[in-house]
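What follows are several structures.
Two complexes come next, and they have one chain in common, chain A, joined by chain B in the first and chain C in the second.
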Partner chain A sequence: MDIILDVSDLNLKVHYDDKEFNIITDASISLKKGEVAGIIGESGCGKSVFWKSILGMLDESKWTIEGRVSFDGNEINYTDESALRSIRGKDISVILQDPMSSFDPIFTIEDHFRETAAAHAIMSKDEVRKRALELLTRLYIDEPENVLSMYPFQCSGGMLQRIMIAIAMMFNPRLLIADEPTTSVDMTIQQEILSMLKELNTDSKTGILFVSHDLKAVESIAHNIYVMYAGYIVESLPASMLSKEGALHPYTIGLLGSRPDFTKNRLVTIEGSPIRPDERKGGCPFFKRCERKNPDCQNYDMHLTEVLPGHTVRCFLYGGR
Partner chain B sequence: MKKYIIKQLIMIIPTLLIVTLISFLLIRLLPSDAVDTFLTAHHLKRTDDNIALVKNQLGLDKPLPLQYLIWLKNALVFDFGKSYTSTQTVSEMIGPAFISTLQLALFSMIWIVGLTLLLGLLSAKKPGSAGDHFVRFFSMFGTAVPSFVLGYFLIRIFAVQLKILPVSGKSSLLNFLMPSFCLALLHVVYFIKMIRNGMIEQRQSPYVLYAKVRGVPEKRIFNTHVLKNSLLPVVNTLGISIGRLIAGTVIVENVFAWPGLGRLITRAILSRDYPVIQGYILLIALVFCLTNILSDIFSAIIDPRIRLGEKK
Partner chain C sequence: MRLIKNKIKRKKDGRMPVSVKISIIVLAVIITASLISPLIARHDPTKVDLLNKFQPCCGEYWFGTDDYGRCTFCKVLYAIRTSLGIALLTEGLSVVIGTLIGIFSAYIGGKVDYVINLICEALLSFPSLILTMVIVAFLGASTQNIIIAMLMSNWIWYARIARGMALSLKERKYVQAAEISGGKAHTIVFRHITPGVVTQMIAQFTLAIGNTILGLAGFSFLGIGVQRPIPELGVMISDACGLISTNFMVFFWPSIVLFIIVLGFNIIGDYINSFFQKTE
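Our next item is the complex of A and B:
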């Protein structure tokens, strides 16, 4: 079993106004070769910061980062900026959520390919072009030759999202981080993007870290799911167990309940909104919104309990002493 | 784009007609009339006979609409009339003055581009740094100090005390330095702000994040993506500011005794020299129209979104 990505006990704190706020607490994730891990949670729970910290992209003057991240068996050295840079886009690629504004408007699609290539390898124009055409064809883009000479504003959102995946696959990365790749494209394209990612995952054995608030999308692609709330991974479980019967944490069950469903008359939601870092006190951060709260939850230390192999939860109901 | 430019070129005609008509009427609203100044300028006595004669000669006895039409008819064949106060024709007076002012404006352009790039980058590269504070002080100074104060201040230092630059006139290249700097300063301040805000904004943009995650070196991200995108609006505005430079020389030219349009028009207005004022306004209006079109063309060259049209 080779583990590609192993994050253990990651802690992130941000400094703001001379105060420190915990953004991510004791997060651990491990991803095997060719596996898809889904991170799910509402906006503002720390999903994006999580992957940015793995890639060493947070400004160290504002952030304190603790913990260990191993990639492909080697611990990533976050003090070596040039080593980090050579990992980004080559060994670990990222696709972002807003393809329409993620491309530089005054550069062509080919320029973007070329720039990515130049960042990691010495390749001639023709080599880059050949590789780009190959990738675009693989992602079912019609007339790839024309597309290369287009500017981003001439492409549709779905097309740009696929181009983004194509650029990400340039150097056959071992890990692909997908940050909400289905959020800003319409329903039919969402399916398309998901099936393409699945294809890449099975064909190229590319590990995928799929970050999303779209439960359905995560469920359909991930092998393991990490549920994040207020910077804690409150539950992690195999995707096969993600159901109202299999999941344990009240937040996970709340998320499952708030899925739109044609059999229900009304959409059930989790009351309230995610807690802000500056509102945090001790105990469980989900306390206020929890349906099964109990006065002791406010003193809970949020430690992790392994209920089954591969299924962990941070909840007083399952781990309180 | 071609269609757009042709349309803009055609639009110049009605623009000029409206501008000249309005200015024609406005000039005639000025208190004290041209006949008086004409008489004084030509050392004639202010008798009823003389007044009638001059009025008749200058065509001022005709009804206003007719006066305008006569002016327009002559202007169409590039005859803008004779100055009331000198023996020269309007073209003979405005031509050389326009050249000097244009030279001054182009020289100012060098200051503007150079200083804007230098100081804009200095401040935007690291907001909050010492360089940034210096540039902000410079900007505040540039906005607060009127150009005539700055002009006399510079003359005092560089011409009177250090004696390294000539005081006034236009006899050598060194003469350009001070007036063009004074003329440029306000524009420089404006563009620095634009570049600084643009860069700070561009840095937060998703394509910078995307370039980072692709492993593009920080330096390249800044020098190509951030810089080019924040320069787009600057280049666009730069074209328009040529017009403003040419039309905005009145104070600077008077401070430095520069033989340009600014000084010419001041004198013409004071002496109610109608033909010169009319000619000047026509010229400035034309300059504004042309620089607008030029900057549109230039923007289209550097920005594909304008060149190829945003997708509908």
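Our next item is the complex of A and C:
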């Protein structure tokens, strides 16, 4: 199996008030063809800026990006805007988290299909229509002909989310980035969308980068899971290992403990909220909230320790020197 | 464009105040009459006929004649054409130029945006009437120069509003979505940003047009706008000023027509503006 997305040592800094803040530090991810990688973490941990930096969507006057991103074996050149543009939406597509506001209210659904088509290929109206109908039928949308002539406000959130997936699948992308696709829709639609993504993954061998804070959703779809905290990938492990016995990092265990199940009455919480970039001093960013903290954690350099093949962790308890 | 069409369609469903209906009808009549003035006017508005000066309103001269025996009705008709034509032309050009510069400035951002913003600030620090007068003083008084001068002091307002709108639209999710799906910058600007800005510009245009008509008449009244013998409402009022006490009607007709036109445009502008605000 060949690797389609390889991010190595990605560092992301933002300039604000003449100061520089580390938003993402030494993040590495590799995604094989036909695989699903899940990124989980709380809000404000840098999940969204992570995929945005892969696509080169960040404003270069405010952000410094270091590191290497290869897509399909070729390194992405972020200075070549037109090459980037031809990758976006064609080879790498994105599903955004809020379908209701991701559609321009003054255009019909068909217009949205047509716009993406026009950005990458010369297709006649009929061809676009045919492809759109095909995709919508595949995503179980009833009466696709009618849906095409509807305006976004006439569709429900779940429908729009599926339409967004359909538009993203327009050119059979090799990588689909799903940014919290299940957060703004209700439970039943969540299941539908997850099963649809799984189907796309197995049928078309589309690699998926699934970004979410919903542990259950990530667990059910991903092969590999990356746990992100304060810009660090604190733990990466295969989905099969994601349990209280398999996971090592206290943060991952805390997340797992906060997941409802049928056996216990009270949920475990992680006290406090994620550390802000301007509060960070050095050492482990999880120090304040950690249950197993150790005075030496404050001097820990956050290096990566490989515990098992495919299972890495950044924690003093496992890699302290 | 479809959005505007939809809004107009929905506007028709809602109840329109009587004042707006009357304004539309009156303005429609006035504008049509002025457009076909060569067919209606029975006299040359510039032809001097001293034998018939100060005629009262009658079948031959509907609004009477002035101190040179020129038909006031024909003069008013032609004057509306000049006044409205110039006002609409300058305001229309201002909207187009202002909107383009505003959107361009907002989308490019950075230093370009900063410089354009600085120019706008500098020009806005003068009262716009004074600015226009200064520009005319430099260029000399003529029809062409008053258009240029008014254009130069009017586009700033539109540019600033367009820039503000475009800045807020730029941050919308769907603009981001279009960027993510690989859209080119100019497609994004024209498809997703411009329509939102244009609706706001129309609202602004309808509010400002009355003011511009009045402004133009004011400049012509002062002698720095349209020059004699071209018939224009401001020029006519200026000429008739000395005759108020003796021949009031010569003064009355151009004044009342100007009043009706400006009032009509303001009522319609208010209505359209409130309508756009309601749907925001």
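One rule holds in what follows: the second predicted complex is superposed on the first by the 321 of 321 C-alpha atoms of A that agree within 3 Å, B and C clash if a C-alpha of one lies under 4 Å from a C-alpha of the other, contacts with A are read in each partner's own complex, and residues count from 1 in each chain.
Here, contacts are C-beta pairs under 8 Å (C-beta built on N, C-alpha and C of every residue); 3 or more make two chains touch, one makes a residue touch a chain.
Remember, predicted model here, so these are calculated numbers, not experimental data.
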item: When chain B and chain C are modelled together on chain A, clash or fit; value: clash
item: Chain B versus chain C as contact partner of A:93, first or second or both or neither; value: both
item: Chain B versus chain C as contact partner of A:61, first or second or both or neither; value: second
item: First, second, both or neither for A:153, with chain B first and chain C second; value: first
item: Touching partner for A:106 - first (chain B), second (chain C), both, neither; value: both
item: Partner chain in contact with A:115 - chain B first, chain C second, else both or neither; value: both
item: Which of chain B and chain C A:167 touches, first, second, both or neither; value: both
item: Which superposed partner A:236 touches (first chain B, second chain C, both, neither); value: neither
item: Colliding region between chain B and chain C, picked from 7-15, 43-51, 61-69 or 241-249 after the shared-chain fit; value: 7-15
item: Set intersection of chain A contacts, chain C complex versus chain B complex; value: 55, 57, 85-90, 93-94, 96, 98, 101-107, 115-116, 119-120, 167
item: Chain A partner contacts - residues on chain C that touch it in the complex; value: 2-3, 110, 172-184, 187, 191-192, 195
item: Chain A to chain B touching residues, read off their complex; value: 55, 57, 85-90, 93-94, 96, 98, 101-107, 115-116, 119-120, 151, 153-154, 164, 167, 177
item: Residues of chain A that touch chain C when the two form their complex; value: 55, 57, 61, 85-90, 93-94, 96, 98, 101-107, 115-116, 118-120, 167-168
item: Complex contact set, residues of chain B against chain A; value: 205-207, 209-217, 220, 225, 228-229, 232, 302-305, 308, 310-311
